[in-house]
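Take this structure first; my questions come after.
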Amino acid sequence: MQMTSDNETWEPKIIAFCCNWCSYSGADLAGTNRLNYPANVKIIRVPCSCRINPMFILRAFQRGADGVIICGCHPGDCHYMTGNYHTRRRMTLLFSMLDYLGIEKERTRVEWVSAAEGQRFVDVMDDFVGQITKLGRCRRLEDLRCRTN
Amino acid sequence: MQDELIKRACELLDDGTVNRVLGWSTGDFFYDITPTVFGSAEDVKKNFVYNDFCGANLSKYLIAESQKEGKIAVFLKPCDTYSFNQLMTEHRLKRENIYAIGIPCDGKVSAETLHDAGIHGILGVKRDGDDLVCDTVYGSRRMSFDAAQDERCRSCKSRRHVVYDELLGEEGEVLDSHRFDEVEKLEAMTPEERFNFWQGELSRCIRCNACRNVCPACNCELCVFDNPKSGVFSKAASNDFEDANFHIIRAFHVAGRCTDCGECSRVCPEHIPLHLLNRKFIKDIDTLYGDYQAGEKEGQMSPLSAFTEDKDAEPSIVQKGGIR
Amino acid sequence: MASNYTVTPEEILAISGVNPRRCMKCGRCTATCPAFAEMEYHPHQFVAMVESGRIGELMNSRSIYRCLSCMACIERCPRQVDPARLIEAVRLAVERKQGGNHLIPDQVPERLEPDMPQQLLVSAYRKYTK
Amino acid sequence: MQKIGVFVCHCGTNIAATVDVEAVAEAARHVPGVVYATDYTYMCSQSGQDLIKDAVKKYGLTGVVVCSCSPRMHEKTFRKAVDSVGMNPYLLEIANIREQCSWVHKDKEIGTKKAIALMKAAVAKAELDSPLTAGETPVVKRALVIGGGIAGMQTALDIADAGYDVDIVEKNPTIGGKMAQLDKTFPTLDCSSCIVTPKMVEVGQNEKIHIYSYSEVTNVSGFVGNFKVTIKRKARYVDETKCTGCGLCTEKCPMKKVPNEFNLGLNNRSAVYIPFAQAVPKVATIDPNYCLMLNKGVCGLCSKVCGAGAINYKDTDKEIEVEYGAIVAATGYEIMDVSKYDEYAYSQSPDVVTSLEYERLMNAAGPTGGELLRPSDHKRPKTIVFVQCVGSRECDSTRGGKPYCSKICCMYTAKHAMLTKDHYPDTDIYVFYIDVRTPGKNFDEFYRRAVEQYGVHYIKGAVGKVTPENGKLIVQASDLLMNEQLTIDADMVVLAAAIEPSHSARHLATMLTASMDTNDWFTEAHPKLRPVESPTAGVFLSGVCQGPKDIPETVAQAGAAASKVIGLLSKDKLAGNPCVAHSDEMMCTGCSQCADVCPYGAITYVDKEFRMRDRTTKVRRVAQVNPAVCQGCGACTVTCPSGAMDLNGFSNSEIMAEVDALCR
C-alpha cells in the first residue's frame, strides 16, 4: 500500500464502463430505487462490454484513475449474443498481464450486472470503491517507466 | 549449408521459377547480417550468406515482396515458417508469388552475446563440437555454443517446418521447450518484485520501435501509435506512462497471433526481454483455453476470437490467485 | 432416546445435500418403493415432513429403518430430490445424537431377524459404524 | 471550433434537490467549446424542447448536451427535437445526472460536483460527435416460411393474403405437420383432418404460395430485407410436375415392408409412397433407403405402371438460391424418445405407446381403421393407464428429461380418455397426474367432463413401474391422496411424452443467427413485447418452435408473425441504425479477425485498388461492414489491432475523450 502525504484529501477516481443493455440499465435502476453508492464512480456508456478496448482502461489509469471496473450482461444474456464472451477472454488475459507487470490486480475488475440488479450494482460499486480506497492512489503504471531507485 | 543454399537459389533463378531470392547478406561486419533481396544469380553468388548469425526472420518481408511482380524464393528456418503460416492466416501474403524453401536451424548466435561474454574483435567463428571457436584480433577464443546462442534458440519450441514448398536438409521435431520457465519465475515473485523487475526493464525503453518494426505480427498498414486519429497516438513518450502503455498494448495486439519467434527481444537495443510479455499471453492462453500455437496451421482461429459459453474462466481468476 | 433431541431441517439438508423444495409432489418415489407396505411414513411424506420441519416425528418413526436403501426412488425422482438421501440423513441424525457405534459386530447375531434383507445389513454396517 | 449548448434539467426537484443545477450550467459556460448553457425545470416538456430548438437556431450550435435523466429515457425525445431544427440528431449527448447522480447521492455538494464531471464528459464526447445518417436498404418482397405445419401454413396464408409471395420449405414430402396426424382436437372434439386438410388444399392452390416439399434450408446469408437462402430439394425420383398422385405405383411397388412414419411405424408402407390420402402436394416419393431399383438396380415396376412417365431413377439433390425479405421459423416439435424411461417398459412391450401413437390408433385413417386395438394381439384393451409428465418437468437431463411443462398433455389426455369412453364405455381408464393444468377457454370444463360425466379415474400420483406379464401390463403406482400404493392390471399404457423442438432447429438457428434457449426453443426478441420476433432482425417465430403451445395459440402466433412480416414487406426501404462499425480502408490489413468475432456476419472482404502517394496502385484486401447487418456491438473494434475498425457514435476517440474528462 502506498501512503502519500496528500492522502488526507485524496479521493479515489473510479471509471465504470457499463454496457447499454444490462449494466447501464442496472445502474439506472439503482437510481430509480434511490440506492446510494459512492460518487467516485463515474459511468461511461458503451453499447456492449465487448466494445471496451484495453486501450481505454490503460488510458484511464494514465489520466489518473485509481480503479477501472467493467460491467456487462451476464454470460449468455448478451444483447449481441456473444459480446460478453469476448470480453471475458480479453479482460482475463489483460488483467493477468497487468498482474504480471506488478500492477495491483485489485484495481481492475469485471462484474456481470443485469438490468434487474440495481442492488447488485450498488453492492459491487461499494465493494470496489472500498477496495480501491484501501489500496490508495494508483502509481505503478506510471512508475513502470520512471526508475526511482 | 551456405553453398547448398546458394546453389539452389541460383538454380531457381536460372530456370525462371523465381525472379528474386530473399536471403541474408553481411553488412560492415560479417556478423552484421541484413535481410536482402537478390535479383540475379551473380548477386547471390557474390553476396548471399547463411551462417550462425542469420537469425533474422524473413517472413515479414514477404508482405511487401509477394505483392510485387513475379515469384520470390525465400529461405525459412523452422520458427520462420510459423510466422509465415500466421501471415497466411491473416491474408497478408500472396502465396502464388512465393516459393518457400525450408532450411534447418540448430540455433543462432548474436554478436552481442559474444561481446557480452568479453569476446571482441571477432574475425570469424566456427563450430567445434559443442563449442564455438571465435577467431579474433586477440587470438582464438572459445565458448560453449549453448551459452553463445540466443535465449529464444536455447528454448526453441520447434525444429519442424510447418510449411514449405521444398525442404533442404533434414526435417526436425517439435521440441519440449522450457520457454515458460522464465515466465513462471516471474509469476512466482511477489507483485512488488515483479513490478521492480519490469520497472527496471521497461524504464530503459527508448521507443525506437525496433521491436514493432521487426515483429511479423505487427504488420499494420499504420500502427495505432502512429495514427493521430487512434487516440493513443504517441511517436515518442510524452509522459512517463506511455512506454508501458505501448508495450502492453503491443503485446495485447499480438496476443493469440504471436508465434513466439523472439525477434522483438533480439533487436531491442536496450535488451528488454519483450518476449516475456508475449510468452505470458501464450502461457495464459494455453492454460485457460487449451494449447494453442499461432502459425502451426494456416487458417487457425485465434483464441481471442473464439470463446466457449460455459467453460471460459471468469476474469476474477486473476484476483483469486492468478493463472498458473 | 432420539425423542429427547431435536434436529433442525437445515441439519438434515446439510447432511443429505438435497433440497426438498424442489419436490413437485409427483409421487414417483412412493410408486416405486418396494418397502411401501412396511412404512408408516412413505417416501413422498418424508420429503414433505422434512420440508415442513417435522423431523422429530421422523426420527421416532420405525419407517426410517424400513428403507432398504435400494435407491429406486433416487433413480426415478424427476426433480433430484432423492428421498432415500433424506431418509439416510435422518437415520444419521438419530445416530449422531446417540453417539458411538449403533451397531457392534458382536451383537449382530442376536439382533438378526431371519427376514432381514442382506442388503440392509451391509448398508447398515457401512453407515452405522464409526 | 465547436459551438456546444448545454441544457441542465431540474426534473422538478428530482435533480434540483441534490444537484445545484445553476452551478452546473455556470460550470458549463467555462468549458471550452460551450457557447451557451442554461437550466430549466422540465427540459423534456414542450417548452423545454423549444428552449433547445431556439438555442440551436440562435447560436448556430454544432452540438447539444442535455444534462437530465437516463438516455434510455429521453435520448430519442431530444434527438427528435434537434432534428426538427435541422441539426443531426447524433450530435446530441445526454449526461445522466438523475439516475446516476441526483438519485444516488444525498449530499448536494457531492452531487453537484459529480454532475459537473458528467456534464464535462458529455461535452467532451459531443465535441467529437460527427453527424450520422442511417443507411437505407431495399426490401425483397418475398417471405420464406420454414416448416409446413399448421403454424407455417397459417403464416404463409396470411402473408399471401396481403398480396406478398411466400415460399414454404417443408422437409417431409407433404405439408400438414403434426396436426394432420391428430384424430380430434380439444376442447371441442372436432375432427383434426377436417380442419387441417382444407387448409392444406388452400395453401396448395394459393397462387402466391409456393411449396418446396421434401426440401431443406442449407444456407442463409444476407440480412433483414435481403436474405439469400439456399434450399436443397432432395431427390424425390418422381417428377412433381408430371405425377398425378394416382397412387398406382404405390400399389404395385413390391417393397411393402417400410415402416410408415405417418403412423409412427405402427404399420408399413411401400418404398414409393404418398404419405397419406390428403397429402399436399399429392405426389409420390421414392424412399431411396428401400427402393429395389435404386439399391439393387432391379425392379422398375413403378416406372412401368406410371402412365404420366413421372418416375426418374436418375434424380439428384438440387440446390436453388432464392432471395427473401423476411424469414419465418415454424419448425414445430417432435415427441421425445422415451425409450430411456425403462420403468414404463416402452421398449419392452408394444402395448406401451406414446400419446401420438395412441392418436394414430384412434384415427379412422390410422393403422387399425379407427378401431382401438392394442398393437401386440389386436385385442381391444379394457383397462388403460395414462401416465402424465413423462420426461417433462424434470431436473435431470441424463435420460433426456426436460425442465419445462409440455403444456398440451393434460388436455389431450382428457381428450383421449373421453374419446375412448365414447367409443367403448366399458373401458376402465386411469390417469396418473401430478397437476392437471387447464388454463384456456373451456379447458377446465372439458377436463371436469372427463371426470364427472365419463368417470375417468384421475389419480394424483405417479406410476413407478410397468411390468409386462402374461399379456398384461402390471402397473405399480402411488395414490398420494389416499396415501396408498396401487397395482393395476392394465391392457395398455399411454405415455404423455414430453415434446421437444425439431431436431433440425438448432442447425437452422445457427444459420439464421437466431438465438435459442438451453432447451433449443427459439428465443423471442422480448418475452412480453416482441413475442413473435427473433432478436435477429427479419427473422420471425411461428408456433411451437418458440415454446410448447396448443393449436389455437399456434394459429394466433402464426397470424401475429405474418402481420410482422407484412409490416416489414410493406416497406420499400429499411432505415438502419447509424451507430454501426466501419472500417478505415487505408488502415485495414484484411487480417479477418474482425469477421471472426462478428456475431452477425456483417463483415466481408474485398480486394480494392488503392492509389499510392507515388502514383502507383496497389491492390489490398480490406474489410467492409454491411451497415444493414451490423448491430453496433463493437466486438470488431477491439479485435482490430490497427484500429481501422471503429464504431459510429461510440468511437475510440470519443470514449477516450470521456475517459480523459472524467479523470480530470
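Chains here go by letter, A, B, C and D, matching the order in which they are written, and residues are numbered from 1 within each.
Operating definition for what follows: a contact is a pair of C-beta atoms (placed from the backbone, for glycine too) under 8 Å apart; a residue touches a chain by one contact, two chains touch by 3 or more.
Just so we're clear, the structure is a prediction, and the values are computed from it rather than from any experiment.
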{"item": "Chain pair with more C-beta contacts, A-D versus C-D", "value": "A-D"}
{"item": "Euclidean distance of C-alpha centroids - subunit B vs subunit D, Å", "value": "49"}
{"item": "CA centroid of subunit A to CA centroid of subunit D, Å", "value": "36"}
{"item": "Whole-Å separation of chain centres (CA-atom averages), subunit A against subunit C", "value": "50"}
{"item": "For subunit C, residues that touch 2 or more chains besides their own", "value": "none"}
{"item": "Multi-chain contact residues (two or more partners), subunit A", "value": "54-55, 59, 82, 86, 90"}
{"item": "Junction residues of subunit D - those touching two or more other chains", "value": "597, 639, 652, 656"}
{"item": "Graph class of chain-chain contacts, one of line, ring, star, complete, other", "value": "other"}
{"item": "Residue numbers on subunit D that touch subunit B, as the complex places them", "value": "586-593, 596-597, 605, 618-621, 639, 641-644, 652-653, 656"}
{"item": "Touch list for subunit C against partner subunit D, complex", "value": "22, 24-33, 36-37, 42, 44-45, 72, 76, 78-80"}
{"item": "List of subunit B residues in touch with subunit A within their complex", "value": "183, 186-187, 191-200, 202-203, 205, 224, 231-232, 237, 239-245, 248-249, 251-252, 255, 277, 280-281, 284-285, 288-289, 303-310, 312-319, 322-323"}
{"item": "Of all residues in subunit B, those that touch subunit D in their complex", "value": "67, 89-92, 218-224, 227, 229-232, 253-254, 301-302, 304-306"}
{"item": "List of subunit A residues in touch with subunit B within their complex", "value": "54-55, 58-59, 61-62, 75-76, 82, 85-86, 88-106, 108-110, 140-149"}
